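The data blocks that follow each hold one structure.
Two complexes, one shared chain (chain A), two partners (chain B, chain C).
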Partner chain A sequence: MRKIELFLIFFILPLLAGCWDERLLKNSRTVYLSGFDLVENGDYQTTSIIRDMNISESSRGEISISNQLVTGKGGSIKEASMTIDQSVPGNYDPAKGRTLILGIDVAKGDIYNVLDSLYRDPRVDLNAKIAMTDNSANELITHLSENEVEKGEYLYELIHSSETHSEIQDITLKSIRTYLFDEGKDFMLPYLSKDEEDNEVKIKGTALFNDNSFTGQFLSPDESTLLLLFMETQSPKALLTEQLDEKAGGSVSYNVKSVSRKLKLEKEEKVHANIMLQLDVEIVDYPPDHLDKQETIIFLENRLSKILTEKADGLFKKLAANQSDVLGLGRELIAFHPSIWKEIMGVNYYEHILINPEVKVNVRSSGIIL
Partner chain B sequence: MRFKRNKSKKSLINQANLSIENIKSQLNHTSDLKDREIHSNNQIYIILYINSLVDQEKLESKIIKPLIKMENNNILNELYSQEISTAKSDKKAISGLLDGYCLLIKKGRNNEGFLLKTNASTDRDVSEPIVEKTILGAKVGFVESLDKNIFLLRTLTKSPDFTVKKYTLGSSTTTNVSLVYLDHVTDPEIIKKVEQRIKSITLDSIRSEGNIQDCIEDHTVTPFPQLLLTERPDRASANLKDGRVALIIDGSPTVIILPATFMTFFQTPDDYITRWWLGSFFRFIRLISYIIALILPALYIAFVSFHYEAIPLELVYSLQSSLSYVPFRPFMELMIMQFSLELLREASIRLPPSVAQTFGIVGGLVVGTAMVEAGIVSYGGLIVVALTSVSSFVQPNLEMSSSIRIIGFPLMLLAAIFGFLGIVIGVLFVFIHLSRLTSFGLPYFSPFVPLNMEEFKDTIIRVPSWMMYKNSENSPHYKQEKRSRKWKLDESEEPY
Partner chain C sequence: MRVKSRISSVNLFFLLVQTMIGVGLLSLPHQTHESAGSDGWISILISGFFIQLIVLLIWLLCRNFPNLTLFDFSKVILGETSGTVLNFLYIIYLLTMISYIFVIYADTLKRWILPETPVWILFLIEFILLIYGSICNVKNLVSLFSLLFIFILFLFFITFLVYGDPYIDIRYLFPIGSSGGWNILKGTNDSMISFIGFETLLIYFAFIKQSKTISALKGVFLAVLFVTIFLTYIVILSTVMLSPEEIKITPEPVLYILSAMEIRILSRLDLIFLSFWGLIIFTTIISYSFSASMGISKLIHIKHKFAVILSGTFVLIVSIIFYYMEITLLEKWLKHLSLIFGIIIPILLLLITIIFKRGAASTYEKN
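Take a look at the complex of A and B:
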C-alpha cells in the first residue's frame, strides 16, 4: 500500500502547478531596459521597456518585435515596480535588464537609494551597465522605445563599444558597488544625451561623481580617455587625435599601446601627487609621413608630450574643482601612506591633494607604412 | 521425482543396460522418435533417433550403410561418425538424443549403447551485424549456432590459451552455454566467480541471454548494464584479449561479455581501426553525447521554469515567444514530446524497412512541426527533444542508451521541482550510484572511481597502441611490448 501511495505522490507531483519558487518563462514580462527618475514630492518613477517577440501564425515563423513602455511611481524603487506589475499581464521581471539609466535628478542625489533594491534581488544581472542621462530617464527611454525597435540591445551595445574604445570607464552594477562604499575612490558614468538634430541617443562623455552623487560636470570622451590612461585601465584600443600647427601637418591620430605610470605622493603644505605617465603609442593617422626619420619622431614625441601634459593639467583642475577622485588617490594614500591620510581624511580630502601630471610619449610604431 | 532418481541410480550400477522401453516412455512416446532394427553379423542393432533433430543423409550414409556392410562387430572402427561415446545410462542417452545424436544399441545380455553425432544444423550464413554497425570494422556477426560462434571467436583469437567450458543450463528444457576466455590473461578470480554463478542458475528454462544476465549480474536494481551484449566477433575477441570472459548461448546471435565497466560501453571496433586522433575524437563525442542526452531535457526545464535569467537575452525573447502559446508546464511539454518520440521509435522497429523510412518522415517531421504550430510544444522543447534523441542514438550500445531514458525522466522531474538544485542532486545521486556499482567484484566506474590514471589511456581518449602497455604487474592484461616504435631510434642512428 505504502508503495502505491508513494508512487501516486510522485506521479501527481509534476502535475501540480505552482512549485514553490517556480518562475515560468512564459509568464514573465522580461524587462530589457530600465530607467529611474525622481519626480515631485520625492517619489521615484521607474520606466521600463518590456520587449515582446511574436511569431506570427499566418506567415510561418516570421518574427516581429514590439516594445511596450511601462512606467510606475512609488515611494521606493520596489514600490514603483509593484505599480508597474499591476499594469502589465504576467510578472514584471527586471532581472534581464542589461542597462540601467539614472535620470539627472536621481544622479544628483545619492544613487545608492536607487540601486539598493537591485542588489537585494538575487536574480538581477550584476553585469548590467549603468549610465546617466542629462535629462529625465523617462524621456530617453520613451525616445528609444519609439525609434530603436529593431536594434537588439541598442543602449548596451552603445555603452559597450565606447568602453572598448576607452572612452568611458567600465562600470557595471557589480563594480560600481566598490566605488560607492570606498571613501578614497570615485567613479564616472557614461553621460547619455538625446541629440536633437540627429534624433539619436549618444554618449556625450562621462559624468563625474563625488561620493555617491553627480557633480554636475562631465568630461568629453577625449578627456576621459586621458583620465583612463592615468588610471591605467584603458582598453586595448585608446585612440586619441591631437591638433598640431599647420606647419607640422595638421593633426595626428595615435593609438596608445601601453602605459606605465609612476605615482609619487609627498606631504608638504599640501599633498603633492607627481604622476609621470609614459605612453607607448602607435601612429595611425599622420598624412605628412616620413616617420622613418628620427627628427620627425622626436618632433612628434615632444609635441605630443607637451600637448598631453597641458591637457592633463586642465583635466586634473577640472577634477579638483569637482572634488571627484576618479584616480583613486585617496585609496592610494590609505594603502601606502596612512599617516598622510589620517591628517587629511574627511569628506573633502581631495582639496588637500595637488596633482602634477607629466606625460611622456614614445612613438613605438607607425603602422605598416613609414 | 524421488522414484525417478532411484531408478537412474540403479541403471548406473547396472552399467550399460539400456532399456529401450524406458527411454521411449521418458520421451513420452513422441511420434518423431524413430527406431530401426538392423541385423548384421548375427547381431541385432537398434538405432534410436529423434527424426526432427538428425540429419537424415548423415544417418543413412554414415551410420546405417556402414552398419549393414559391417564385416566384424567392432563398431568403433567401422562407423564414420566423428564423435562416438558410450551411453552409460538412460539419462545420458536421452540427453544425447535431445542434442541430435542417434543412439545405437547393441542388443545382447546387456544392451550396450553408443551415441553417434548425426545432428542436423540449421546454421545460417555469417552476415553483417545489424545493430552494431561500424564503418571500417569486420562485416561479420555472430550467428545462432554455438559451435559456429566459437569458431568465429577462435579464428580471431588464435592462442593456445583460448579455453572453452561447456555448461548445460535449465532443468526442464536445456540450453547449452559456453564460457570462453584466455587462460593466463583473464583473472582466475573472475573465472571462478563466473563459473560459480553460472552453476547456481536453476531456472526452468533459459529463454534468452536476458535470463542469464538477470541471474549472474551483481546489481539488478540499476539502470546501468554490467554485462556487455555484442553481436560482433571482433569486439568479443578484443575483449577476450583484454582479459574478459565471453559467454555464448546456443541459439542466440548475441554474446555476453563480462565483466563490463562503464567505459566498456563507449568503445567500438572503429576506435581501434582508425588512427588514434580520430578514435579519441569519436570516443569523446560519444561521452559528450551521453551527457547531453542525460541532462539536456532537465536543463531546459530548469532554465525555462526557474532560471531564465541565465539565458542570453536574445534567446530569452525567442524562447518566450514560442512558449507563450503552450498551455502546459515545461515538464509536461517535454513529456508529451518524449512520449510521442518513444512511440515513433517503438513503432519504427516493428515496421518493414521500406515503410519505416516514410513513417519516420511523416512521424518526425510532420508531427513535430504540426505540434509546434498547434501550440502543444514550443520550438525550444522540440529542439531539445530532437537533440536528446539524436544524442542517445550515438551510443554504440543499446542497453547503455536506454539507461539514459531511465535516468533522464527522474532528472527531468527533479528539474521541474527544484530547478538547477534538483539537477545537481540528481546527477550527484547518479555518480554515487555509479561509484558503488561493481561488476563481478570489479569497480564499475573505474578508472574514474577509484582513480586509475593508467587506465585513462583507453577511456576518454584512446592513446596510440604502442602507448597502451600496462605498467602494473597485477594487471590482467597482456604486457604489451613497450618499444613498438623502436625502429624510429634505429633509423635515426643510421648514417647518411
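Take a look at the complex of A and C:
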C-alpha cells in the first residue's frame, strides 16, 4: 500500500504545473526603469536600470542593493532587449518595470511601435507609468542613475504624486492603449525635463498628443489641472492659485472639491461645443479673510469665474492649434451625435470643432476659519 | 433501456449552467465585436432568446420519450440502423467538442500563465480529471456541479473589482444599433457557439422526475436565462473598458482587463480568474464526456467506467493532433457542427416524431 502511495506521489509531481514555470528571483535581472529612444538609421535604443540584490554571506545575510545601467540597440524594441540580454549575466526581464520613458524622437513618431512588444507579454505590468522627456530618454536615465539613490521609484513617485495633485493625467500602459486605438480621443503624457539649475528631473507639465504622436506642445501643470477639471477626471486634490489685483489682496488659492460639466454640441457652420463647468471650491489661502461677508464671496466667485473662463479660452485655443482632442469630444460625437460625426469624421475632425468654455466658481467652504 | 436515477428541475439548472458556461467565455467579447461591433451584447440577447426556443423544441421532443436518452429514442424514431449511425455521430461530435475545449484550455493557459510547461502535461491533467470526474452517476454529477456553481459566482465578483477603474467609458456602447440589423444578426450566429452545451439536454431530460410537466422546463429556462445574462454582462463589461479597435486585436478581453487591475496588495487578477475559469471548464468537459460515455456504453455494450476511459483516451489523442493542426480551421468546423447537432438534428427528429407519431409507446411494443 505504501509503495503504491509513493509511486502515486512520483507520478503526480510532474503534474504540478507550477514546477515547470518557476522563475527564481535570483536568476532574473529585474528592471525598474526603461527608456526608449530613436537613434540614427531608425534603430531603437533601450536604456534600463537593473536592480540586483546581493545577499552577502559574510555580513550575516545582509542585503545590499546595487544598480546597473544597461543599453542596447536594435531594429525593434524586442531586438534591443535581446542585445541587452546578451550583455548582462542572467535573464534580462523587463516585466517588472514600473516606469517607461519615451525619448522625444520616439514620441514624435507613432508611439505604438515602441509599446507593441510589451502588450504581447502576459507578464508585463500593465500598471506601469508612461512619461516622455524633452530630450533623449537615455540621457535622463543616465542622469538618474548617477544622481538619485532610488532611481526607478524616484520617477514613479514623482509621477504618482503629480497625479494625486491633478497635475497630470493618470496614464498607465493599459489606459494608453485604449487611447491609441480610439479615433475620437487623445491623451497627454507627463513631460519630464532635466532642470539644469537644480540638476534634478522635474515634471514640466503634460505633453499633448494627437493620434499616436506628440504634437510638440506641452501644457503647464496649471493648464493641465484645468483641462482635467474639464474632463471631470481630477483627483480629490486639485489646487489652483490665481493672482488678483492689489486692491483685492494679492492672490487666492483654492482647492476644487467637485465638478459638474454640461456639454452641448450643436452643428452650425462648425460644430460648436458649449461647455459649462461648475466648480465647487474650498478656499485654502486668502490672507485678506472676511469670507463671512456675502459680498467678499460673490466678488471672489465672479473674479475666479472670469479668470478661469479666460484661461480656458486660451487652453482650448492651444488644443485646437495642435488638434489634440484630449477632452474626447470625438467620442462624444460618435456616441451621441452620429449624424454630425459622419459629416466631419476623418483624421482632422478636430478642425471642425469650436469650443466655447464657461466656468462658474462656487465657494463652498473656507477651512476652519472664515 | 430506461435510466434509473432521477434528478429535479433545480438540479437540471446546475447541470445546464455548468455545461453551457465554458470555454467561449473568454473570447466572446472579441468574437461578437468582429461582426456586431459595439452592439455585441444585443447579439447575445437575441441568441439567448433563440436558444430558449431551441430548448423548448428539445423538450417537446424528449417528452415523447420519458426516461429515454437520445441514444435510445433515436433508434425508435429512425429505426435500428440509422439510429445507431446517428448515435455514433453524436458521440463523435461530443468527443470532438471535448478535444476542442482541451486545446483551447491548454492554449490559453500556455499563453497566459504557463509558457514553459509542456503541452502534454496540461493535456494529461485534463485527461486525468476527465476520467476522475466522469466515472460517476448523474447524482454525483449534480452534486459536484452545484458545489462548483460557487465559482461562477466568484467570476462575477472578480469582475466587480473592475469598476474602480477610472477609464470606464460607457460611450463605447453608443450609439446603440449602429452596426445595423444584419451585422447584429451575424453576431448572433457567432455568439451561438458560446451557448453550446444545451444539446446535452437530449440526454439529461431522461433523468428528470416528471419530464411531461412544464416544471421540468423551468430549470432549463432559468439556466439559459442565467447564461444569457452572464454572457451579456461580460460582453458589456469588455465593451465599456476597451476601445472598439482595441477589442479587435485582443483575443481575451476579460483576461486583459483583469491583468491590469490592482487592488492594494493584489495584482494580476487574471491569474485568479483563470484558476476559477479552469474549474468551470472542467465541469463542461465532465458533462460532455459523461454524455458521450453513456452513448458509448450503450453503443458497444460495455460498462460506463470503461466507456469513460475509452472516450478519455480518444479525446487525448485527438486533442494532441488538433493542437499541432491549424486551430482556426477547427473552430470554423465546430461552429457548423454545433449548429447541426444542437439545432438542426433535434428539430428534424421532432418533425419525424410528429409526422410519424413515434412515441414511447412504440418502445413498449418492442419490449
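Keep in mind that, in the parts below, the second predicted complex is superposed on the first by the 337 of 370 C-alpha atoms of A that agree within 3 Å, B and C clash if a C-alpha of one lies under 4 Å from a C-alpha of the other, contacts with A are read in each partner's own complex, and residues count from 1 in each chain.
Quick note on the criterion: contacts are C-beta pairs under 8 Å (C-beta built on N, C-alpha and C of every residue); 3 or more make two chains touch, one makes a residue touch a chain.
What you see is a predicted model; the values in this text were computed from it and never measured.
Engineer: If you stack the two complexes on chain A, which partner ends up touching A:98: first (chain B), second (chain C), both, or neither?
Structural biologist: After superposing on A, A:98 lies in contact with chain B but is clear of chain C.
Engineer: Per the contact definition in the header, classify A:51: touching chain B only (first), chain C only (second), both, or neither.
Structural biologist: first
Engineer: If we overlay the two complexes on their shared chain A, which of chain B and chain C does A:30 touch? Say first, second, both or neither.
Structural biologist: After superposing on A, A:30 lies in contact with chain B but is clear of chain C.
Engineer: Should A:127 be classified as contacting the first partner (chain B), the second (chain C), both, or neither?
Structural biologist: Only chain C is touched by A:127; chain B is not.
Engineer: On the A-aligned overlay, A:21 touches which partner chain: chain B = first, chain C = second, or both, or neither?
Structural biologist: The answer is both, since A:21 touches chain B and chain C.
Engineer: Let me test your reading of the model: by the given contact rule, A:7 touches which partner, first (chain B), second (chain C), both or neither?
Structural biologist: The answer is neither, since A:7 touches no partner chain.
Engineer: Across the two complexes, find the residues of chain A that touch chain B and also touch chain C.
Structural biologist: In chain A, residues 14-15, 17, 21, 125 are touched by chain B and also by chain C.
Engineer: Provide the residue numbers of chain C that touch chain A in the complex, in ascending order.
Structural biologist: 109, 111-118, 121-122, 124-125, 128, 166-167, 169, 171-175, 178, 241-246, 249, 259-260, 262, 267, 270
Engineer: Using the touch definition up top, name the residues of chain A that touch chain C in the complex.
Structural biologist: It is residues 14-15, 17, 20-21, 122, 125-127, 170, 172-175, 177-179, 181-183, 185, 233, 328, 331-332, 334-336, 338 of chain A that touch chain C.
Engineer: Spell out the part of chain A that touches chain B in their complex, as residue ranges.
Structural biologist: 10, 13-15, 17, 19, 21-26, 28, 30, 32, 51-55, 57, 63, 65, 95-96, 98, 123, 125, 152-153
Engineer: Quick check on the complex: what are the chain B residues that touch chain A?
Structural biologist: 303-306, 308-309, 313-314, 316-324, 326, 329-332, 335, 373, 413, 416-417, 419
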